[in-house]
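Can you keep this structure in mind? I'll have questions shortly.
Chain nomenclature is as follows: A, B, C and D, assigned in order of appearance, with residue numbering initiated at 1 for each chain independently.
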Amino acid sequence: MSFRDTGPLIALVVIVGIFAALSPGFRTLSNAQNIMDAAAVLAVVTCGVTFVLMMGSIDLSTPGIMGASAITVALLVANNRNDNELGLLGVALAILVAAGLGCLSGLALVLLKVPSFMTTLGVSAVGLGVATLLFAGVQPNISDGTLSGWAVDRFLGLSTLTWIAVACVLVGWMVQRYTRLGRYAFAIGGAEEVLALSGVNVKPYKVAVFTMAGAFYGLGGVMVTSQLGAGLVQAGRGYDFSAITAAVVGGTLLAGGRGGVLHSTVGVLLVTVLTNGLVLVGVSPYWQGGVQGLIVVAAVAAAVIPQRRRNQVTK
Amino acid sequence: MNMQIEPEQRATAPVTALEVRGLVKHYPGVKALDGVDLVVRQHEVVGLAGENGAGKSTLLKALVGLVRPDDGEIWVRGEKVRLRSVVDAADHGIGMVFQEQSLVPNLTVAENIVLGSEGLGVRRGVYRWDAMRRLAQEQLDKIGSRIDPLARTDTLTFADRQMVEIAKVLRIEERTSHPPVIILDEPTSVLESKEIDALFTQVRRLREFASVVFVSHRLDEVLDVCDRVAVLRGGQSVGELPTADAAPDQLHRMMIGSTGSDDHYHGAAVEPPAEPREPRLVVRGLCGRTFRDVDLDVHAGEIVGIVGVHGSGREDVCRALFGAEPTTAGEVTLDGEELDLSGTRAACAAGVGYVPAERKTEGMVGPMSVADNMTLTKQEARCSGPLVRPRKQAKLVDTWIQRLSIRTPHRGTPIQRLSGGNQQKVVLARWLVSGDVRLLLLDHPTRGLDIGARSEVYRLMRELASSGVATVLLADSLEEAIGMSDRIVVMNDGRATTEVDAPVGDKPTPLDLVKEMV
Amino acid sequence: MKFTSRRTAAVVGVALAAATLTACTEEAAGDDTGDAGAATESCDPSEVTLVGQVRNESNPYEASWLDGGDAFAEQVGLSQERLTYDGDSTRQQEQISQLLAGDTDCLVMNVLPNGDSDTPPIVEGAEEAGAFLVTQWNKPADLAVTDYDSWLSHITYDGVDSGKQIGDALAEAIGGSGGIIALQGILDTGAAKDRFAGLEESLAGNPDVELLDDQTANFSRAEALDVTKTLLTKHGEDVKGIWAANDDMALGALEALEQAGRTDVAVVGIDAVPDALTAIEDGTMTATVSSDGPWQGGIGLAIGYCVATGELAVEDIAAEDRAWYAEQFLIEQENVGDFVAPETSESDFACDNLFSRSQGAIS
Amino acid sequence: MSTPVVTKPAPDAATVARPTVGQRLTAFMPVIALVVLLAALTVADPSFLTQSSLTAVVRTAAPLVVLAAGATLVVLCGGIDLSIAALCSLGTVLFAMWLPDLGGLTLLAVVAATGAIGALQGLAHVFLRIPSFIVTLGGMSIFGAVALVISDAGPIRVVDREATHWLTLYLAGVLPMAFVVALLVVAVVWTVQRFTPLDSWIRATGYSESAARLASAPVDRVKVAAFTVSGACAGLAAVMLVSRNFSGSPTMADNLLLPAVAAIVVGGTAITGGHGSLWRSLAGALVVTLLRVGLPIVGVPSAYEQILYGAIIVAAVALTLDRSKLLIIK
C-alpha cells in the first residue's frame, strides 16, 4: 500500500480525531450511527461514479437519473397518487429506468463520440425532464411499509439503508476486482488503445459501465425516496459534484486508471464526517461550504505533495 | 516449452505459413504500399528492413488487421484471408508485438497476457484469478520467464514488459492448430544490449514452434537473428537476401537504393583542440534521486557519450542538467558561470538544449505545425518585442527546413504527419534557430529512426560540434556511442565510474565498455 | 511615415469613439412597443397574453400556482403560458427579457421573483416595455409599486407574522418552555429572513423557550433531513420542538424524527402544502400557515387582465392595494379540515373583487 | 530486383497541406449549429425571429459569453475552471459593496480582484500540483462562502445606477453595449493570443504539457495567466449582471457554471485541451442561450424543455466537435 492509497485514510483518521477533540457531541455512538446513515446515499452514488471515473470519463448525470428513479419508485410502490403497489418490483423497475438513462449516456458517448462530460450533462437534463413529467404537479408520497421502513428499521444500530450501502460497496468492490467489466473499466482508464490492439471491443464495456453507474444512481434515488417518504424531482440535487469530490478525495484519479470503490468509500466518509463535524463544532452555516472546500483542497494537496515531480503533468 | 509442437511438422519441408501478394494501400497523398510481396515459411525468422516511410508499419498493420489494404491478397497456409481486426488475425494465427508497448500499465501481468481472450480465466464475466494465473504462467513458461503473473505491469522493467508482450502474443497458439506467425516490430529499440541478447534467445526459441517476422532498424541485429531479410523501399518490395552471406552494407544499399557510406558514424574527423582549454561544462558532485557524486567535463566542440545499463541513472543526469529533474547537491558551471538547475526555462536561457528520448510524448507537440514546434522555445527567433512576426517566423523556419533537408509538405503541416526522422530534425532545429545553444543534451536522438535519417542526425551532430557546441549524447547503442563520441563516460548504479577516450582511429571496442558497465 | 500613421490612427480612434458615443441609445430600436407606461388603449380580451412564471413545476405549491393560472385563463377563454426557471435567477431574467422583446402590448405577467434582488430588473423591464406585471412574495422593501405604471400590484404574505404565529404555536405545543431548533430557508431571500424575524419576535414573547441552534436547509426536504439528524445528535433530548421556515423542511424534519425514533418533538412549518396538512391531520405535525397557490396563480393574472381590458384603471387601484398582504390562517389540528382542498371560485377573480383577501398594505 | 539510383525514393509524404472541405466545414460547425437552432425556433414560433427578439438574445448572452471566453483559455491549457460562476457571484457582491466608495473605479477594482483570485487558484494548481478540477471545485465553495459572509447572505442593492448605465445602452440602436463589450473581450484576448507566442504556448500546454515544458515553454506562467484571465472575465461578467439586475447577490451567477462549460464544449473546443478557440465559445454561448430562453418562449412545456435541452446539447456537440484531433473520446 503506497502513501497515495493510505493518504486519504490517514486524513480521515486525523479529521475524526480533531472533531472528537473539539466536540463532545461528535464522540458519541449515536453520532457515529448518524454519520454512517448520512453517508449511505452518497456511498451508493459514489460507487457508480467511481467506475466511470476509473475509465477516465466523467459523469454529471446523477441529479437527473436520481430524480427520475425517485419519482418512478414513488409512483410504483403504494402511494397517494395511484393504485400501484408493486413493492420491491417497483424498486427494481425504478432502478431499471435509471440504468436505461445511464445506458443512454454511454450510447451517446460511443456512438456519437461526444465526450461524456456533455452526454451525461444532457442525460441529466433528460432525466429531470422525465421526472417532472411523471411528477405532474402532485407530490407522490409513499405508503409502502417496506420502502419507508428502510430508513427507520435498524439492525446492529444501523438503518437498513446503511446496510444497503455497505452491500453496494461490497458488490462494487467485487465487480471491480472479480469481473471482466470492472477490470476492463480499470484498463480503459489505464490504456484504452491497448485494449483495442488486444482485440477487445471497448464500446460495450463503456456502455455497460455507464449503465451500471446509472443503476447505482437509481438505487440512490430510491434510497432518498425512502428517507423522505416522498418522490422528489430534486432527489439528486448536488449529488453530482459531491460524489465526484468524494471519489477524488478518496484517491480515485480523474484521469482514470487508479483508485476504486474502497478508495471512494473512504472519500465518502471523509466528506460526510466533515459536514457532520462542522455542524457539531458550531461553524456558522455561511462558512461551512468554504471550510469544506478548503479542507478538500488541503486533503488532496497533502496526498499529492509527497509525489510531486518536476515536469509532472497536472491537468 | 514448445509442448504444442508435433514433431512431424518440424520435420517436413518448409511450408509457406504466410504469403502476401501485391499489397496496395493508399493514404491521402501517399501510396504507403505499392505492390508488396512477402513470403514467410514455417519455422523461419524473416527480417523486414526498410527506411522509415518504406511501408514497413503499414504492411505489419495490414497483417494484423489494423489496416485494410486497397488491393492485393494475404494468404495464410494456402488459404486466402481477409483480416478485419486483430482478433481476425489472431484466429488465423498471426500476432504482433507492437513497437509502442501494448500493455495496460495498471493491470496485472496475468491479465495483460490473457487480455481479450481470457478463456477459462473468466466465467460468465467473473474473473477466476487462479485459472488466470495458471493460463499466464503457461505462457510465461513457454518463454522460460520467471515474472510473477500477479505483479502489476507498471512495476516491471522495460525488458520484462517486453517478455510479457511476447508471452501475450503466444496466446494465439490456442486459437489455431497451426504454428503461429509472430511479428516483432522494433522490439530492440529501447533495450540495452544484455536485454537484446535475451530477446534474441527468445526469438531463436520461437523459431522452434512458430514463424517470426522481425523488424528492426539495426541491420546488424537483423542479420544476426534472421534467416532471410526482405527489403522494402518506397512501398515496394525491392528484394530479399539470405542473411548467411549478407553484410550490413549490402542491405543498406538495397534499402536506400544506392551505395551509402560504409561508416555512417564518422563523416569527417574533427581536429582535437590543440591545447587543453577550460571545459565548457563542468559538473562536480552532482546528486539526485537516482545518481550520486557525478563529475563530468565537456569541452566546446566535443561530443561526450554517457553509456550505462538501465538504472545507471544516465537519463536522469541528462534531465537534471536541463533542470527537468531535481538535484540535491553538486555544482554545475557552464563557461565558468554557475548553471541554474531550478527549471527548464533557466537552463534554456543559459544556452542549454535538450532532445528527449520520448519524441512523441515529450519531444514534440503532435497536432501543432512544424513551424510552431520549431519556434516553441526561442521567442526571439519569431518575435520582435512581444509580437509574433509571421513572416519572420516563416522565413526562418523555411531556412531551417532547407538547411536540415526536412521533408514536409509545408511549414504549417502538423508535425505528427512527418516521418520520425524529420520530426527529430524539427525537434533539434528548435535549439538551433536562435544560434545561441552552447550545450546540447541528446537523449537517444536516433531512437526509432532508419539508417538514412540517422546518418543525417549524425551529420548534424558533427556539424554542431565543429561549430563549437558541447554535446552530451546518450546513444541508442554502444556502437553509436563509440562511433559518435570523442570521449565516453560509463555510468554504473548512479555513479560515473570510468572515462574512456575515444578519438578517431583509436576507438574502444564495445566489449571494453560492457566490462565497465556491469 | 511612422509619425503620420500614428496620427492617422489617433484620428481614426477619436472618430470611432465619437461615432460610438453618438450611436449609443437608451433602448433597442425596432418594434414600436415601448411607449413607456401602461398602454392607454385597452386590449381586446382575446388579444391578451397571459404568462405565469414560477421556479419549477416539480414543487407542488408552485405547480398548483400555475394550475390556478390555467383555471383563471380558462375562465376568460384564454390560455396561460407556463414558464419555469428552475430557481435560477439569471435564467428568470433571461426569460423575462426575451418575453419583453416580443409583442408586449397586451402582455400580462404574474411572476414569482426568485429573490428580492430579482424584482427590480423585472419591474423596470416591464415598465419599459409596457407589459402588465403583478409580482408576488419577493420585493425589496424600498421599492415602491406606486412609482410605476405597469407594475400593477405586489402580493405577499406577512412573513414576520407567519413566523411568529407558528413560533407561538410551537411554544404552546411544548408547554411554554424547552429547547427548539430552527431550520432556515435560503438565506438570501426576504421570505426566509422575515420568517426568522417572526420567530425571534415569538421567542421574545416566550422567554422560557430557548433557541438551541439555527441552520439553513435551503427550503429543501432532503437537506432538512440531514441537518435535523445532526442537530438531534448534537442536542439530544433537549430538543422539544422544531421550527421550520417552510413545510418542505418541516416534512424533512419529521422524517428525521421518525428515523431517530423521536415522537415527543413538535414541528411547525409554513405554506400548508398537502403533505403538511395530512401530517397535521394525523397529529404528527403541530401547525402551519396557509398560503393559497391556486389563488395566487389566478389573482395575479386577474389583476393584469382587468387592467389590460380596461375594466380597471391603474389609477383607480388604491395605493394600499398596490402592495398588500394576503389573508393567511394558522392551521392546526382543529381547523385543518377547512384547508385540505383549497378552492378558488370565479368570484375571487372578478374585477370588482380582486382585493377582497387583502390584510392591509405592506408597511 | 531493381537498382534505382535516387537517394530519396520514398514518395514525398502527404502533399495535402490545405484543409479539405470537411475540415473547413468543421471549423464553421458552431455557426451552422447556431443557424439551424435559430431556424428551428423560428419554425416553432414565427414571431421569434424579430430584430428586438434577437437583440434580447445577444444582450442576455453577454455575461455567458464573457464567462465562457475566460474559461476557454483554461480549457485550452488542458485544465478546467469550475469556480467561474461562484467567482462571478462574489464579483457582483464586491461590485455592489465597493461602488459607493470607489465610484467609477469599481469596475476596474472588481476585475482586478477577481483576476487576482483567479491567479491565486492558478498558483495553487501549478505549485501544489493539485488538479485544476479540485482547486477550482474547492474555490467554488470557498468563494461562495466568502460571498455569503461579506454580503450577510443577502442581495445588496446598487443605488447608483449611473456606474453601470453604459452597459445597458445600445450601439447603433440594435447592438446591446454589454454584447459589444463581450465581443471586445473575445476579440482582444484572441488578438493578444494570435499575435504573441501565447497561442502556441497555450496549445502546446494543452496538447502535451510535458513536451511544452521540455521545450522550455513557460507552461506554469501560461497556466497562471489563463486562470487570471478566467477570473478577470468572471469579474467583468459580474459587472454585466449587476448592470442588469441593479444589485449584487452571493448566489446570483451560481447557475451559470454548467451553461458556461456547455458553451465551451458546444463551440467545439476539446475539453481535453489544445484544440479550440474563443470564437467557438462565442458561438457556443449563443447556442446555449438560445436553448435556455428560446425553448420556453416558443412554448415548449417545462418538462419537455429539459428533455429537449439535453438532447439538443448532445446533438450540437456531436456536430461541432472536431474528432480528427482527438484519438480517444473519454
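Following the convention adopted for this analysis, a residue touches a chain if its C-beta (ideal position, glycine included) is under 8 Å from a C-beta of that chain, and two chains touch if they have at least 3 such contacts.
In UniProt terms, the chains line up like this: A, D = ABC transporter permease; B = Sugar ABC transporter ATP-binding protein; C = Sugar ABC transporter substrate-binding protein.
These numbers were taken from a predicted model, which means no experiment stands behind them.
Enquirer: Can you name the chains that touch subunit C as well as subunit D (ABC transporter permease)?
Expert: A
Enquirer: Name the chain whose C-alpha centroid is farthest from the C-alpha centroid of subunit C.
Expert: Using the mean of the C-alpha atoms as each chain's centre, the farthest one from subunit C is B.
Enquirer: When you take the mean of every protein CA atom shown, which chain's own CA mean is nearest to it?
Expert: D
Enquirer: If you tally the C-beta contacts for A-D and for A-B, which one comes out higher?
Expert: Contact tally favours A-D.
Enquirer: How far is the middle of subunit A (ABC transporter permease) from the middle of subunit D (ABC transporter permease), if each middle is the mean of its Cα atoms, in Å?
Expert: The separation of the two C-alpha centroids amounts to 29 Å.
Enquirer: I'd like the Å distance between the centres of subunit B and subunit C, where a centre is the mean of that chain's Cα atoms.
Expert: A distance of 70 Å separates the two centres.
Enquirer: Indicate the whole-number Å distance between the mean C-alpha point of subunit A (ABC transporter permease) and the mean C-alpha point of subunit B.
Expert: Inter-chain centre distance comes to 44 Å.
Enquirer: When the C-alpha atoms of subunit A (ABC transporter permease) and subunit C are each averaged to a single point, how far apart are the two points in Å?
Expert: Between these chains, centre-to-centre, one finds 34 Å.
Enquirer: For subunit D (ABC transporter permease), jot down the residues that touch at least 2 other chains.
Expert: Residues 148, 153, 210, 213-214, 302-303 of subunit D (ABC transporter permease) each touch two or more of the other chains.
Enquirer: Among all residues of subunit B, which ones touch two or more of the remaining chains?
Expert: Residues 324, 344 of subunit B touch two or more partner chains.
Enquirer: Would you mind listing the residues of subunit C that make contact with two or more other chains?
Expert: 56-57, 187
Enquirer: Take each protein chain as a node, join two nodes whenever their chains touch, and name the resulting shape: line, ring, star, complete or other.
Expert: Contact pattern: none of line, ring, star or complete.
Enquirer: On the basis of the stated criterion, which chains touch which? Give every pair.
Expert: Going through each pair of chains, those in contact are A-B, A-C, A-D, B-D, C-D.
Enquirer: Once bound in the complex, which stretches of subunit B touch subunit D (ABC transporter permease)?
Expert: For this pair, the touching residues of subunit B are 27-31, 51, 53-54, 233-235, 238-239, 254, 256-258, 322, 324, 344-345, 347-348, 354, 356, 361-368, 372-373, 375-377, 379, 382-383, 386-388, 407-410, 412-413, 417-419, 422, 430, 452.
Enquirer: Going by the contact rule set out above, which residues of subunit A (ABC transporter permease) touch subunit B in the complex?
Expert: 177-181, 183, 186-187, 189-191, 193-200, 257-258, 310-311
Enquirer: Give every residue of subunit D (ABC transporter permease) touching subunit B within the complex, in rising order.
Expert: The touching residues are 1-17, 195-197, 199-201, 203-204, 207-208, 210-218, 274-275, 325.
Enquirer: Would you tell me which residues of subunit A (ABC transporter permease) are touching subunit D (ABC transporter permease) in their complex?
Expert: Within the complex, subunit A (ABC transporter permease) contacts subunit D (ABC transporter permease) at residues 55-58, 60, 64, 108-109, 112-119, 121-130, 132-133, 192-193, 241, 244-245, 248, 254, 256, 284, 286-294, 296-297, 300-301, 304-305, 308, 311-315.
Enquirer: For a test of understanding, state which residues of subunit C touch subunit D (ABC transporter permease) in their complex under the given definition.
Expert: My answer: residues 20, 23-31, 33, 56-57, 81-84, 86-91, 93-95, 97-103, 115-118, 120-121, 124, 140, 142, 186-188, 193.
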